[in-house]
Structures are given as structure tokens and as C-alpha cells.
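Following this line, the structures themselves.
What follows is a pair of complexes built around chain A, which joins chain B in one and chain C in the other.
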Partner chain A sequence: MDFAIETADLVRTFKIKRGEFLTAVDRVNLQVKPGEVFGLLGPNGAGKTTVIKILVTLLYPTSGRAFVAGHDVVREAEAVRPLINMVSGGETSGYGILNVRENIWMFSQFYGMPGKLAKERIDRYLKRFEMTGDAATKVNRLSTGMRQKMNIIRGFVTDPQILFLDEPTLGLDVHIAREVRQYIREWIAEKKDHTILLTTHYMAEAEELCDRIAIIDNGKLVACDTPAALRATMGEGGAFTLTLSPAPTDTTLVDQIPDVRNAYLAKSDGRTTGELRFTLNSDARLPEIFAAATQAGFAVRGFSKREHDLEDLFVKIVGRRLHEDE
Partner chain B sequence: MKMSSLLLWLRAIKARAYVRVIGGNRELSWVITEVGLPVISLSAYIFIYRSLGAPRIYEGLVVLGGAMIPFWVGVLWSMATQFYWEKEMGNLDLFMASPMPPTALLLGMAIGGMFMSLMRTLFVIVVGVLIFHVQLSIHQPGLLTLVFLLTMTSLFSLGMAASSAYFMVGRVGMRLNQILMEPIYLLSGLYFPVTHLGRILVAFAALIPLTLGLDGVRQLVLVGGASLGFLSPRTEALALAAMTTVFTFGAVRLMRLLEQQGKQRGTMSLRWQ
Partner chain C sequence: MTRRLARAIVASMKIGWEIESNWTNVPLYILYEAVRPLSLCILLYFLYKVVSASPGADPHFFAIFIGNAFFMIFGALASGLSWAIISDREHYQIIRYVYIAPAPFVWTVIGRAVTLLAVALTSVLLTLLVGRWPLGLPISLGGVRWGLLAMSLPLGLAAACGIGLFFAGMLLITARHSLLLAEGVGGVFLLLCGVLYPTTYLPWWLRPLAWLNPLTHWVEASRRVFGVTGFDKPLGALPDWELLAILLVLTVVYLYIGWKSFLWFEHRAKRAGKIDQATNY
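Here is the complex of A and B:
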């Protein structure tokens, strides 16, 4: 088996209305090696979950092919299923009338795990996720975060060869999200030949966890490489923040300067100061920007620069920010 | 079937049934809602029969009819609408992506449901017998057991088939359930001998497993029950066995159809992108 996951010209369309179709996945080609944590990064509605649904045998592709552990997900779905598991963010699966231990046990039985082995693993995972004290708590009494930790345990407990994590930290508080990420790193370090396909729209999460990242937008794969290589395509410059007084009302100040890209207004107190953010491929234009600000009657109250990150790359490729509302 | 496949199948059935066998009886409020309320309902009919001076056997008919309510409620609300709820909860995805055979899922639901309904039925019978002093006389225990088991299997195999069929119609299933409550109680003769419906209607009602099962049990349990029966219990057992076979076969076919359609149309999940 060369690849843990492979797709070839994968397409999936959905019928919306009579004669109207939505292409959720558009000729996606992926090759994920065994042992990799592979990230699928994109905004809501990009097609990430559709790709996962096809790979976990819940959805037929409209055209193209997909293989998991060397098995065709359409023709050999029964060979794929024992090898995989999946966890989605915001999941409300399981039964509220069962307790945490019973719920995890129930799902482990759907994979045919012997009772003793299931008990041992459940105990180990409950301890690892500091949920031993909640083992007998009914699921309908758990907080969102605790419920998601239970779901994460459900995904890992069957020791899948390939694990699909669909936005696993969605809606979790910082502490629990960090705990989940930490465990993902531990698991993949321990299980050298196991593979994780992770979808997320959190850039930092993708950078922290993934060996390689594919950026997907409107169903199309627009970039795929290691986080470092993807960042390197942005050049030497960086992302800049200029704090100006009074607060600027638009980005005209920098729009006319060559090489400035992706300018937008960030924080503003509404009257005295406001932040103008933009990217530059080199620092050479900075004096020109400072001069323009002074000439336009702004006082520069602050200035910072950070190296390019995946958010910048996303903006460069797609033409808009990943989280437009932020 | 390979040994590992058989073990997977059995473990999956046990796990899915566990939800109902253990979880379903965990909150004791069911004693009030699923035993207390049917007992109140059947009490009304008993008092009507008493006020009219009807023979005592009619009180027995009513208690046994009331005792069968949990089975029909179980078929409609715990089986037929189950896949719809599983999808809403996000379970259906996980079930279908697991190696568990779909038949294990159906059987687990059915076995758990039968156990849950049986508990409630026995409670209603005990309460009915104690309060109204109904006289039961079991003279053919073997045949009674057979008829009762076949009633359960035919009802829950109907429920298995309905679960996939309902899933395809979505929320309409909830309305359908409401429509199928009282009319089925009437057609099954829950509170009176079904033969009073007249030949044509009773022939139609005999297509419902509840009708034949209840009629057979009444004949085998109540003193003088045979005189009010529709068909002989043996004939009814045969018909129930046939229904179990047809419904089970239909359930497996419909489940496969549901899976195929779900994969083609993307109807098994809530989230798609």
C-alpha cells in the first residue's frame, strides 16, 4: 500500500433544486502517506466534510475514485470500515440515557472488540482524558467539552489504522482543545504507521498538527504541501499591523502603494486609534508607507510585523480571509 | 459467515439492544407513563363493561388489550421512527461507517425493543389482574408461548421494515405514527372481541400482527376466551410466522435500499460540507 488515502479526480455534486446542482467536491486529487497527519484546510462550505464522507464510505462520489488503505471506498466499503473511525466536531452522538463508559463500549462493540480489551482501553482513555470520575455520568448531563472528549475517546478506542477527524476541536474551550491536540500528537508519535486526516478551519491547529496541508476552497484543492513549504511561497516579507491615530476609515492609505496586498481594517476603538493590516513581500516599501501615513495626517502609534502564516497564504490564493467575520 | 464476522454481529446486536434493555429501564418514570397511563385508559373500558353488566371475560379482554399497547407503541415510536432520530442525533453516520452489519443494527433495536415492551406488558397485566381480579387460565402453555413470541417477532419485524421506510419519508413519519395509533387500537380490537368488527373489516385487520396476536393470546389465557376468537390460535400462529418472515425479509431489503439511496443522495448525514 503506497498511500493510506488516495483520491483521483474526485467529484461530488448535490442536487439542490430541479435542474440545479452544487459541486461540493471538484476534481480533488489527494495522496496521503501512511503515518502522516494530513490536514484539509478550508472555510465552511469548502467541501472538507464531503471529502470525509466519501472516504468513510457514507457517500458515493459522482465521479472519480477514492481509496482508503488501498481499498476502493465504493466497491470495497466492507474492507474499509474495520480499518477506520471518525470523530466530528459538535457531535451529539450516543445516547443520553447511557453513561460515558457504556456509550464508548457500545460503539466499540460495533467494531467487534472483545469485551475485556474494550474495557481495558476504555479505562486507559478515560484516565488519559481525565474522565475516570465521569465514567458513570449519563451523557445527557455532560458539558459540550466533556461530551466531545468522550467522542474523541470513541474514535481512538478502536485503534483505527486511519482516523478521520472532522473539525474535532470545533466549539471547544481553549484548555480542552489543547488537550485534544496534545493527544493527537501523542497518538501519531506512538502509532508510526497510523494515519490521520484532519479537517479544520483553524490555521494554528493545522500548522501545529499536520505534516502536510491541503487547502480547499469551493470544492477545489488549491494548494498542498508542508506548512513550512506553503509559508515559503509567500516570500520574505510578512504581515504588518499599523496602529494609527485617528482611526482610519478605509485602506486607501496603503492601497496605492505597490506590493501591498490584502489590506484590511482590524481593531478600532472607533475614535482615537485603529489598526490597518496588510502583507508585503519585502520590507523595502515600509518607509514609503510611513511617509504616506504622515502625509495623510495620521500619527503612527504602533507598528508590528509577523512572519507569513497560512492565513496569509489562504488570502493570497483564495482572495479572501478564512474567517471573514474576524 | 466467518467466526470473526459472527462475533462482530453478535456483539453489535448485544450493544444496540443494551441501550433499551438497560438504558430504557433506567429512569423509572416509565412505570407512570407507560404502565400507569395505559392502566387508567383500560380502567375506563372496564367500568363501562361493568356498568353495562357485561360478562367478566370482557374485563380480561380489556386488560390483555391494554397490555399489548406497549408493543404497538414500541413498534411505532421505538422502531419505525428510530432511524430518523438516529440521523438527527448523529448516530446513523457512525453506525453506517462502522463494520457492524446493518442486520445487527436492526436486530439489536428489535430485541431491545421487545424486552422493553415486554417489561411494560407484564406490569400492565400484573396491575390489571391485581386491581380488577381478572381470572387467567393457561391451559396450553406451549402454544401460548409460541403465539406470544410470534406476536412479538412479527410486530418488531414490522417495526424493522418500517424504520427504513419511515426514514425515506422524513418528518412525515411522526404524523404517520399519530395516525396509526387510535385506528390500529380500534382495528386490533384492543378493548373488545375483534370479531365484532364484522367479516370484511376483521379480514383487513388480520393483516396487522397485533390483531392476530392479541386474539390468539386471549383465546389461550382467558376462561371461555375461545368462544370470542376469530381464528384458531394455531392458524394465527402460522399467519404470524409468515408475517415475521415477510417483514424480516422486507426489512433487510429496505435497509439496503436506504443505504444505497443515502450514499447516492447524501441523505444519511446532517452535515455535508
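Here is the complex of A and C:
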């Protein structure tokens, strides 16, 4: 079978100073099937954008090979280009002096679309994204969110067989982000053999949209599977919060219990109670923890459990949270 | 494929046009383009007035005037090519999308420059009009050698395009300020190509460079279009057909080198990850 996207030991290094190199993409092997929505998930600087840049013929790999629709992105870039398009979120690109319709139209022409077809599609997309009223607005008068919506239309309007979305919802407000995700789902449902490679910071977005997810860290692929299978590798158990009175001053209480990981004290409200958080792979240890708490003189005032999600998997594999500020 | 390419080029021409006509008012822009060569001509006019009673009747002044007027086409085309890259990369930050589109990048860049070329041609006309009436130069429609113009002008444009592509390509791997370099080179060519004085005024070791430059021959041909001969002795000695043949050969060479260098710079930029890297200082 021909993959929509395939990479073989893809490596990209950048020269940062004299004699100093940074490996942005490190021996990445990807195989994305036609019709899939494939997610690349990783923290800042993981190499997601670099992978996309190579695949869309904007950058050469340092070594290894990459194929899009069976064409080598280096040697057959001309064959790749008519089949693809790309949207990067969080940027305000666009010909400011042209209006929304003209901007999208220009790009339809760079893809050689016949005028009538281009016009029809642009109208349809403007309507779909509730931008018909802004069609004649100059792009430099648009809000950032609207510009990004225009950018997204630009990506879809050429009906690419393989679409690259680099953090498409970055910086969008919740409402527009939801609208964009909704459209991505509609599009892929309607066009069965079309493929999307999507990068994101948002675990929930990846789970919602992607058939398969690859986790990338420091340029390396560290996991790749369906969201369900990835979650299953975490086993049962989850993240627990124990509200204790008086407030505990350290985590020794649970540290002695086998299987407890990542224990930490959350902020206590006043002096009477405090929260102790930890993860456990199996619920079987819970009675032991309750007993230990009572024995140590704490009263258990509250207890909650959150099932493992991909965020936890990320922590487990990568060793830190996806967003440092959480 | 050709139809698709034509669509892309027309679209780039439209962008070029919209960009230029939007940030300036077009007649004003044409005037602006003409100001530099015009003011140089007027300066020369008064310099000539010191030594000669009526510069309007002085064939040397006429030769300089024509050379100067036509040379501005080269400036406009060359800076137009560079400007297409700088503005897409730095200002509109859209170069990556233009680049990955199926239309060959080099053609979209050329399409963008065509607008500036149209503006420049209008400015040339304006300059010639100023030369005719206030300055009293012997320019008349009947005196123009149209056949020679029809052959030399396209060659001159092609040569200018080749040189412009070289510098535009260089911009792909360098920062924004190298636009100044490109402009500076325009000035050097003005001094080198026998526009303001005959090539024989150059030091002997620079003369081969001038003679191996198609712009030099194009300027000479443009002068002949208006009946000016003998300004540049060695070039003036060539019969028309020989001048055109040399112009043709040099143009083909320069266009080939310019085109290939552009593709080579593009290749380098893609290897270094610089296609869409804006100058961040």
C-alpha cells in the first residue's frame, strides 16, 4: 500500500553557531495512511514544524527520506506541490492591502484553479466560515482570529489531497477553535481518501480529531498509536487527590506506598485542610493509603479520582508536562 | 501546465499591481520613478549650459539623456524582483505559502516585477516628453527607428531580468538589508555601462567588463533608436546587426546565468531553512 505520508529515518539538523548543531528532527519514521487524520504532538521546540516544513517542500532534510503521496519531497517537489496545502496557526500572514476574497483568490490561481471553480469554492468556504460579510474587507483591517480563519480557508480551498495543519487553532478564541475543529472533522468525513497531518499543543484537540497520534520530543518519535491504544498503555488507575485535615506538610504519607508516583502537595486553603495529589496505576492500593492517613493522624475530608488521559501518558513518556505552566 | 502557469503569472502581476497602486497613487508613483533620472538629466543640462550655449542641440547631452532614461527600466525591473521577495518574506510573511504552491516560484517573482516594469516604461515616456519640450531635444515620432526599438527593448528587458534575478536570488539566503546591496549594484552598473559617459572613459581594466555587459549594448542600441550615433567610439563603430547580435548573445548568457543562479540560491536557502526566515532585527 502507498502511504499518504512516509518518512524514513528523517533527520534535520540546524547550524546554530560555528561548529554547533541542533538536531531538530532525529531519525523520524512515520507512516500515515490515506484518509487518516494524523496528529503530531509535542512540546515547544520538539520538531513538529520542522517535520511539516520538510514534507511541504519548504526545507530539505539533512538525511533520510520523506514521501508525500508516494513522491520524494526532495527530488519530486513539483509532483508533491499540486497535491498539498498548508496552514500555520498563530500567524498573521496575508496581503494586507488585498481583501479577503482577493487573498484567497490569488492562491487559488497559484494552484492553477479555473476561475469559475475558484469563485464557487471561495464563496462556499466564506459562507461556511461565516465570513461572507468580510469578503470585501481588507486583510489589514481584520482581527487576528479572522485572519486565521481566512488562512484556513486558503488551505482548504485548493482541495488538497494531503493537508498540513501546523497548530491550526493556536491563538484562536474557544468559539472559533471549536468551529475549526468541527470543520476539520466534516471535511475528512466527506473526503474519504484525503489526509491531514496536524500538529498541536493541545492534547484534547489531538484526541478529538486524530485517528492516530505520534508523540514527538526533542526531535524523536517516542510513541505512535491510536488515542485509545495510547491511553490503554497507562493501565487502570489515575490521578488522585486526597483532601486531608490538618494540611500535610510533606508527601511521606504516600511515598512509602509502592506504586505511588508523582506525589506532590497542592495549595491548601487556609490551615485546616490540604491537598495531596499522586498517581497510581492500580486502585488496589487505595485502602492502604486511607489506612496510612488515619494512622498518621489525618482525617480524610475529600477524595477524587481522574482517569488517566493522554496528558498523563505524555508525562510518563516525556518526563514533563506538555505545558510547563500547568 | 502552460495555462496553469499563465494563471499564476497573471495572479502575481495582479498582486504586484495592487500592492504598488495601493500604497501609492499611480501617477505619483510614475513621477517618483522618473524623478531620479529626470533630476540627473536636468543637473547635466545645467552643467552642459556652462560649456555649451544650447545643450538641447548638443549630441552628447542627447546621448546621455537617452541612456539615462532607458537605464531606469533596468533599475525598476531589478529592484522589482528583489522587492517581491522582501515584501512577501518580511512584510506580508506569506512567502512560504507562495513558495509551496505549484506555480514555479521564479515565475511568481517575475510576475510581480512586471508591474514595476509597466510603471517604469511610462516613466521613460514621461522623461522623453520632458526632454522634448522644456529641454528642446530633437525627439520626434517620425525620427524613432521603431524596428530597432522592437528588437532591442525586449533584449534589454531580458538582460535586466537576468541580472535582477541574480540579486533577488541572493536575497533568499541573506537578510533584508542586502536590498541596499542590490540597489548599490544598480548604481555601479550605471557607472559601468556607458550611460553617463562613453565606456572609453573607464580605466582600461574596467572596459572589458563594460563591453561584456548586455546593458552597455542595449543603451547604445537605445540611442541609435533616436538617431544618436558616435557617442561611444568603439561601440558606435559596430554596424546595427553586429550590435544586436552581441546584445542577443550577451543577453542569453546573462539571462541563463541569472536564472540558474536564482535556482541555485533557492536550493541553498532550502538547505539552510531560510526560505521563510524573516530578518528579525
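Note that in this section the second predicted complex is superposed on the first by the 279 of 326 C-alpha atoms of A that agree within 3 Å, B and C clash if a C-alpha of one lies under 4 Å from a C-alpha of the other, contacts with A are read in each partner's own complex, and residues count from 1 in each chain.
As a working rule, contacts are C-beta pairs under 8 Å (C-beta built on N, C-alpha and C of every residue); 3 or more make two chains touch, one makes a residue touch a chain.
Model, not experiment: these values are computed from the prediction.
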Superposition on chain A - do chain B and chain C clash or fit: clash
Touched partner set for A:Ala46, first chain B, second chain C, both or neither: first
Chain B versus chain C as contact partner of A:Phe107, first or second or both or neither: both
Interface residues of chain A shared between complexes with chain B and chain C: 14, 53, 56-60, 78, 81-82, 84-86, 88, 91-95, 97-98, 102, 105-107, 109-113
Contact footprint of chain B on chain A as seen in their complex: 14-15, 24, 44-50, 53, 56-60, 78, 81-82, 84-86, 88, 91-95, 97-98, 102, 105-107, 109-113
Of chain C, residues touching chain A in the complex: 3-5, 7-8, 10-12, 14-15, 18-19, 22-23, 91-94, 96-103, 108, 270-271, 273, 275-276
Of all residues in chain B, those that touch chain A in their complex: 4, 7-8, 11-12, 14-16, 18-19, 22-24, 26-27, 89-91, 93-100, 262-266, 268-269, 271-273
Interfacial residue positions of chain A with respect to chain C in the complex: 14, 53, 56-60, 78, 81-82, 84-86, 88, 91-98, 102, 105-107, 109-113, 154
